[in-house]
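You will see two complexes here that share chain A, one where it goes with chain B and one where it goes with chain C.
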Partner chain A sequence: MYKIINKSVKRIDAYEKVTGKAKYGADLNLTHQLYAKTVYSKYPHAKILKIDTREAERLEGVVAVITAEDVPGNNIMFGKFPVLAKDEVKYIGDGVAAVAAESREIVEKAVRLIKVEYQKLAGVFNIKEAIDKNNGKVHSEIEDNLIEHSHHLLRSGDIEKGFKEADVILERTYQTQFVDQAYIEPEAIIVIPDPYKVGVEIHGSIQNPYSIRTNVATVLGLKINQVKVVQSTIGGSFGGKDESVMLMAARSAIIAMKTGRPVKMVLTREESFLESSKRHASKAKYKIGAKRDGTIVAVENNVYTQGGAYNNKAMFVNWRASIHAAGPYAIPNIKTDIYGVYTNTVYGGAYRGFSAPQIVFANESLIDELAEELNISPQEIRIKNCLKPGDELGTGQILLPGKIPAPLEKMINNVCKKTDFESKRKKYIKERESFNPIKKGIGLSCTFRGAGLGGEGIDSASATVTIDIDGSILIQSGLVEMGQGMRTAHAQIVAEVLGVSLDRITFCNTDTSVTLDCGPTVASRGTLAGGNAMLIAARKLLDRLHKRAAIMLDCNIIDLVSENNFIFNRLDKSRKLTFKEVVEECLKGQGLSLSAQGWYTPGPEKLSSETGRGNAYPTYSYGASVIELNVDTQTGKINVEKIVAGYEIGRAINPQIVKGQFYGGILQGLGYALIEEVRNKDGYLETKNYDDFLIPSSFDMPEMEVTIYESDDPVGPFRAKSVGELGIELMAPAVANALYNATGKRIRELPLNLERVLLGKTLRK
Partner chain B sequence: MQNFNFIRPDNLEEACDLLVRYKDRAKLITGGTDLIIALREEKLPNCLEIIIDISNLKELNYIKEEGKYIRIGSGVRHAEIANNKLIKKYAPVLSMASSVVGSPQIRNKGTIAGNIITASPAADTIPALIVLDSILVIRKGKEKRKMFLKDVFEGPNKVNLKSDEIVCEIYFEKLPLGAKSNFIKLARRNAVDKSRMNIAVVAQQNKNKEITNIRISVGSLTPIPERFKDAEDLLLGKLPTQDLIQKAGKKIAEEMINKSGYRWSTEYKEPVVKSLIDRVLNGIVEVE
Partner chain C sequence: MAANRKIELNIKVNNKDYKLFIASNKRLLDVLRDDLGLTGVKEGCAIGECGACTVIMNGKNVCSCMILAGQAEGAEIITIEGLEGPKGELHPLQEAFMETGAVQCGFCTPGMILSSLVLLKNNPSPTEEEIKEAISGNFCRCTGYKQIIEAVQLAAERMRGGGM
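So, the complex of A and B:
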């Protein structure tokens, strides 16, 4: 019934990317540009006694050196990030000065001529040290190292009563590591002094143009609209190109204003590892109570996320965690507390999943441990407890049939049936005793995920759609394309509404001076919220076109249909006009506007801050997966052989892109489970490049079988909801569960690397 | 990045002359897969003036059979060695090792001499070349000298080659008829990763199944690549049993601790080397 959506059309930006025409931030060059570079801290925590810039300034070709003293407006940005550290460095990636010179070579030389005198200070480097009162403070004004507004809770039922009713109670602690988003393109920024008025124009690898604009404006002491941000083609971001590019943009903008010249700053891979955000490390204490028959009666958890030196995400990450921490199960009594702490280390930020990888690892490992304790199968315990139509979430929100789907039972059963889960699981337990050191294992996990921002913020989105005289259509979203395929989904939505072929549509990168501020491109909301904005804009235009066409065809507006580039009377199909004819008449004949803003807002979600209860999200996506692996019990090497997964996502606007998101997410999830780890030693970063920070290669990719479940969820455009992040979170617990099945060893800390799998414990250098 | 001049001589003669003239102010480059990284990290001597590109020299690019020897030009790339018929026939252990270096890109660029001279404890071709008892042909100006490969290493990433010397050839005796060899690499990921451990072995049994020839080398275990003579002696002349093989593995683990000390990774490597020795030998030896 659909003409354009629900089809795997080719990406509208594929040609430019494949042929190299699409420019990335680092590809942009302007005449008279300066090359800027940051001088980073030498210590994880130290007082700055003196910064001597004289020698650098004397170097031929150096044009400007800035320190905190040179910041015209506010030196402190959202999340306490200083543009440049003033009196104290709080982690190894703090910038203390920035230099701009005529060439890259000169600036590389100049940064080494900046002499900084430090007085080393003791620091706190992990969650344990941060919580412990005697270990010192990261920010002098914060006694307990607790990140502001990062404590989120959920209270449901009566937790004490719940545990009293339980026949079995388990208490477990799970830990996860910092990981880097590991995008191929390192961060790049170019700032151009506005040639016509006071202000700057910023291009670069920017995931969230509007927050960069706001922050840079405060730094420069300008009005928001004196700063214009244009997104370059982005070579991967996954949440990462945010704080680091904010810092780069702020420093470069100060230099651009000061010198009147364009300033370019491109990070090396090492600088990117040093200065960009990571997925928060975490430590999660769980307590679960259940009846003999497997009915879960109570879950209590206490989760700490490690925020690093500065943080502008823990308050959001932890809120999402608080809603999902008890898992996709109907549990009458829940007590959840999530906290974020400051440490003198690299900092946590957004990374695909946004708390889910940590939480789901803990919770889905725990469910298997409980099943084992009760001698029930992992499938059965999930089927017994998983969210079903009509169930109430811990937040009190009800999964009303017809409104919010709850298909997990079917999905879990399907992945198990497809993989012959139960009989393999039993077989592999028997084979644990066999002579062969290579053991096989099978593991299950499932999840649910609130779609969009929900109560985290207002999920509004903007779009601008403009039809030109030749019938071509320009779309521009306030949300950004960073490889996920959002732009193609948007184009498909607009083409479907207007009844035109996709080749008429051209995209435009996000430009803050054109499209309205609608927050960051996060929370898998690009299609959900952004697509709704496109839908609204396109419908406005269709309405204008049909009003005119009705007059031209002398018929009733309700009888008009747009399809295949024609607008016709459905009662008499010979009465038709081409799309272009109607456009020409509107624009030339009548002087009408064929440009429309789409603004979508679901309005605020209503939640209580005392209990965390209320409608957290408008709807949820779901996933279930089974992993089959083998593990070499003599080396600890895990080889994942096969993954069978199902995801419920409403409707796939572009099934191929949706599957691509899942394949990529699955592999990224396996990297998290098995090999990835950003290591800090006493605050010093040990993993600085891809020789140490390993991510999966194509040879590590298992066979994958992904099923997309569609539903009639009414929230998103054409019933589409969230896809982007869902793929990643099922992997770590499924691997840990499969490892247990293979070996009888339960490992509660990620990654499941050679040493941990062999010895069951962590080895540290 | 350090500054330097880049010279590409037309023949080996010229390359040798340049080296003699510039000594430690010069560095050779072949594939560049190690050198470029060192350059970017500024780990080369400050006095560096020129980089001499010898990657095009035909004189260093051959694999040939000469009587009982196989001779490999120092500039031969891993991909060629991995697929070469002579190597597959007479020294399969080397072919196996070369085929797991890095990725196709790295194997198409990286050379055997580069792997040796970088002398990383995790290098993949070194244990294979060690069990082949390889010999290096080294040239300085017009003078030539030979040296056992095992003697070139001084420590991790350190070789005792003079700055005006160039490795021209690596050669070794063909493995005798009936000798078997094996190589395994353990790494954290399945491609483009340095070995956590690698093992090269050669073994031969007579018709009574007694071991008549045994050579074992393990990478990433000891500061200097070597054959594990104690373990070899344990096996030599014996009828191999599972018990004996396990004892050999134990010997190697002991030697690792003696030579490298008890390090953070020992707790892991000790059991693993025992198991892998067991596995690599069982792959080629007929056990009682």
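So, the complex of A and C:
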């Protein structure tokens, strides 16, 4: 029934990428450009006594050196990030000065000539130290190191009564590590002094152009309309190209305004790992109560996320965590508290999943531990408790049959059936005692995920669609393409509505001076919200075209159909016009506009801040997976053999791209589960490049079987919901559960690397 | 300083001969990107771990960040820009990468295609394990590698069929 959507068409930006023609931030060069570089802190926490820039300034070829003194407007940006630290450095990635020179070689030499005198201060480096009041403060004005607005809670039912009803109560603590998004393209920014008026134009690897624009305007003391941000082709982001890019853009913009020359700043991998955000480390205490038959009656959790020195995400990350912390289960009594703390370490930000990888690891490990305690199977306990149509979430939101689907029961049963889960699980328990040091294991996990921003923020989205005289169509979204395939999904939506072939459509990178500010490209909302904006814009244009075509064909508008580049009367298909003929008549004949803005405003999602109850999200996506692995009990090495997963996403606009999102998410999830860990020693970063911070290579790819479940959930464009983040979160708990199945060892701390698996602890601390 | 001494470099890149005078401490990566403008060659880590800077040098895939330009004296280099035919025809690997969904952010794509090309030149019918090994030095953070492997398999099949 669909012509363009629901089909695996080629990405509309693939040609530029396979030929090397697509320009990324570092590929842009301008005449007279300066090369800028940041001087970073030497210590995780110290007073700055003196910054001596004279020697660097004297070096031939150095054009500008800036410190906090040179910031024309506000030095402090959203989340307390200083453009350059003034009196104190609070973590090892703080910038204290920035230098610009005629060449990369000169600037590299010049940063080493900046002399900074420090007085070292004690610091807090982990969650425990941050909570303990005797360990000092990261920000002098914050007594308890608690990040502002980062405490989010959920109160449902009566937790005391719930635990009284329980036959079994378990209390467990789970911990997760900092990890880096580790996109292969390091951050790059180029700032050009506006050639025509006072202001700047910023290009680069920018995930969230509008927040960069606002922050840079504040730093420069300019109005928002004097800063223009254009995204370059982005080499992966996963939430990460945000704060670091904001800092780079601010420093480079100051130098550009000061010198009147374009300024280019490209991070090395070491600088990227040092200065970019991480997935928050976390410590989650869970208490769960259940009846003997497996019915869960109460869950209480207390989760701390480690925010690092500055933080503009913990308040949002923790909000999402508070909705999902008790998992995809119908539980009558829930008490959830999530907190974020400052530490003198690298900072937490957005990374694919946005709290889900941490809490799903905790909760889905816990459910298996509970099943073990009750001596029932992991499948049975999930089937018994998982959300079903008509169930009420902990927030009070009801999953109405036919409106918000709840297909989890079917999905769990399917992944188990496909993998012969229960019989293998029992077999592997028996084999634990065998002499073979290689043990096999199988593990299950399931999840649900609020689609889009929901009550976390304004989930509006913008789009501009313009049809030109030759019948070609230009689309521009306020949300950005980072590799996820969003702009191809958008093009498919527009082509489907207008009844044209996809080759008519091309894209324009997000440009803040053209398309309206609609917030950040996060929360898997690119297709959900951004696609709805495209749909609205395209429908406006279709309406204009049909009005004109009805006159040209002398028929009723309601009888018109647009398909295959023609507009015709469905009652008499010989009465037809080409799409281009109608476009020409509109533009040349009638002087109409064939450019439309689409603005999507979602329904209000509101929660009570006292109880956390209300409608958190317009709808939810679901996932279930089974992992089969083997583990060498002599070395601790886990080898993941096979993953069978199912995801419910409404409708796949492009099934091939959707599957690509899941395969990629799954492998990132395995990296998180098994090998990835940003290590800090007393605030000093130990993982500086890919030789320390390992990510999965092609050798780490297991067999993957992904099933997409479609539904008639009506929220998204053509019923498409969220995809991007859902793939990652099922992996760590499924691996931990499979490891338990193989060995009888329960490990509650990530990553499940050789040391933890073999010794139960890590040797490096 | 000796490091900044200029040296002469004779090099063939994408079938074109160049005679360059460059600083002796330049990497092959810098020469390709900065002197020749071949920005399809990417820099990801500068320590030879990620493979984004992969080019083909004398028939082998190498990390151009790990090679001093002087070491490439007399060498034949192929970058992603050198894969298209005279009329802009795409190489079967480029076509296959587009068709199987092997491209997401695209930053690893040039290096990934070049490593795959070296594989297929030496082994026209690779197994999945052989493909995995051939691209194991090229990190991809987006795709989970599955659709990349499918692309190499598809291209191999077409190239065996006399596609190119």
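Everything below uses one rule, namely that the second predicted complex is superposed on the first by the 763 of 765 C-alpha atoms of A that agree within 3 Å, B and C clash if a C-alpha of one lies under 4 Å from a C-alpha of the other, contacts with A are read in each partner's own complex, and residues count from 1 in each chain.
As a convention for this text, contacts are C-beta pairs under 8 Å (C-beta built on N, C-alpha and C of every residue); 3 or more make two chains touch, one makes a residue touch a chain.
The shown structure was predicted, so the numbers you read here are calculated from the model rather than taken from an experiment.
In the superposition on chain A, A:T31 makes contact with neither chain B nor chain C. If you count the residues of chain A touched by chain B and by chain C, you find the higher number for C. By the document's definition of touching, of the two partners only chain B reaches A:P437; chain C does not. In the overlay built on the shared chain, the residue A:E755 is in contact with chain B alone; chain C does not reach it. Shared-chain residue A:I675: touches chain B; no touch with chain C. By the touch criterion defined above, A:N375 lies against neither chain B nor chain C after alignment on the C-alpha atoms of chain A. In the superposed model, A:S574 lies in contact with neither chain B nor chain C. Legend: residue contacts after superposition of the two complexes on their common chain; A:S140 is shown touching neither chain B nor chain C.
With both structures placed on the common chain, the touch criterion links A:K17 to chain C but leaves chain B unconnected. Applying the stated touch rule to the two superposed structures, the overlap between the chain B and chain C interfaces on chain A comprises residues 105, 691, 697-699. Only residues 8, 10-11, 13-24, 26-27, 105, 181-186, 233-238, 268-269, 482-485, 656-657, 659-660, 662-668, 689-691, 695, 697-699, 701, 704 of chain A touch chain C when the two sit together in their complex. Residues 1, 103, 186, 188-194, 196, 264-265, 267-268, 271-272, 275-276, 279 of chain B touch chain A in their complex.
Contacts from chain C toward chain A in the complex involve residues 4, 33, 38-47, 49-50, 52, 79-81, 83-84, 90, 94, 97-101, 103-110, 113, 131-133, 135-149. Here chain A touches chain B in the complex through residues 105, 108, 437, 634-637, 639, 675, 691, 694, 696-700, 753-755, 758-759, 763-765, going by the rule given at the top.
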